[in-house]
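Single-structure report; data block below.
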């Protein structure tokens, strides 16, 4: 379905390597399932450390995972020396997030040299039934050659 | 500075007990420092599991913590049988989040029976210098008596 | 494409009558083209009073029209005595809005008794070529029986 | 209160001249009251063409005016050859907007070469009592030398 042309033919490996360097993705138990040009899909198994007080997946956690899905969707279209920073995002929560498994999709809506506009969708799968639980719109900024966007600790 | 009158005189304990039941807050290393009527302050020490690939605090993690700060700010004004769900939030990132310590403030802007509008601010403290790194606006919904907003796992 | 069941079989007339009572829609030159259950489409001809300093359709004007499109999409699903207020919306601008004609779509994503989540898309049509120029996510609140939501001037 | 240093000492005149070129501001009846470095204040008298069906100021109209207030706040800090485009904004509505007069404030939160983060507040003044009716966060992009950001019609 994707109609974007990635600048870097090696984008799938580059996205996966970058993803593997994000400690936060491990902390949240995120698995990178699919990388296409302009789109990524994550899956997460329900586990207690990312829940809130009613046992739902924490809404802020849903947003954190969608933010990364949107960021990697944007990164898939960049050149190999470019990085991504999130400018802003907004999340609407459609239903409490409760399932055995969750799927998170990040997609590029509008690529650009200065800014990339993306959207994300989160789904809970419970007893084989899938339900959308959140939606996001996010603005991403490609960056290159900024000294402060390097590993720091 | 707070000019709101909480419905529940025991709101400080109620917020703290609820906070202690959120596994996600432990996962992200969040400490609840201050609870006032309509305002909470969290602090977080920099630690690797909540960082992204450059060593910054993960932007989605910043938003997840601000979401909880805004939610507890709203909860501080509610009656003792009421709970909070996040309707939506938007975060703007002002600078990469890098410090030894982070402070997160959540404040009620407009209380209401059906919806509570809140705002959040995140700061990084590095070498004794504090810098705002993100801002949030969030809509919270007080709920009471919904069967699905109970511990589920 | 719509899969929503409206509560009021007369929803198309009700939406049109309400639309005709909005002075702002006349001021902005908005035409209500299509009303379906959970969806409306507006068209606008380019005209100088709604432009900004470069001759583009004013971004805030684009958002104002999308807000109404989302609001009427939500209203199409309500009972005949219910009204709609906008809780919040967010707009991302994808390209400067410049065309002979503009199309605005508002759609319900998630209906609800307390809140209705909607999304909007704005397109510019220039020399027969259509281009998306903005996207919106908006939260709408159905209301009934509030004294202040009545004609006031 | 402003602590920003404008690049262009003539910023007040430049903002006013640009404002006067926006047809949309005339259409909405906006008066530019105050220009400071990083801040502008608009006032609007209540008039029927910008209302919705209950006689309130149209929410989308409130947002359109706040968008311009935020844009001009950002523009006040730019060099004389730079222009502003809105990247995105989000508005939360706090109360129906009904007054004899409205005040709109736009302020820079974080200036930047690539992006300027701003916030806006809208107030209704009725019988001498002022009430906040909306808040906005907006991202603005300074631009220079783009052929498409020139008067086109």
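Going in written order, the chains are labelled A, B, C and D, and every chain counts its residues from 1.
Note that in this section a contact is a pair of C-beta atoms (placed from the backbone, for glycine too) under 8 Å apart; a residue touches a chain by one contact, two chains touch by 3 or more.
For clarity, every value in this text was computed on a predicted model and none was experimentally measured.
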Lowest number of touching-chain links that must be crossed from chain B to chain D: 1
Far-end chain from chain C, centres as C-alpha averages: B
Geometric centre distance via CA averages, chain D-chain C, whole Å: 22
Gap in Å, rounded to a whole number, between the CA centres of chain D and chain A: 33
Centre-of-Cα separation between chain C and chain A, whole angstrom: 29
Touching two or more other chains - residue numbers and ranges from chain D: 87-88, 90, 92, 137, 139
Contacting residues of chain C [partner chain B, same complex]: 87-88, 90, 114-115, 137, 139, 141
Of chain B, residues touching chain A in the complex: 18, 21-24, 26-27, 46, 48-56, 58-61, 63-68, 83, 85-93, 96, 98, 148-153
Interfacial residue positions of chain B with respect to chain D in the complex: 90, 92, 94-95, 109-110, 117, 119, 132, 135, 137, 139
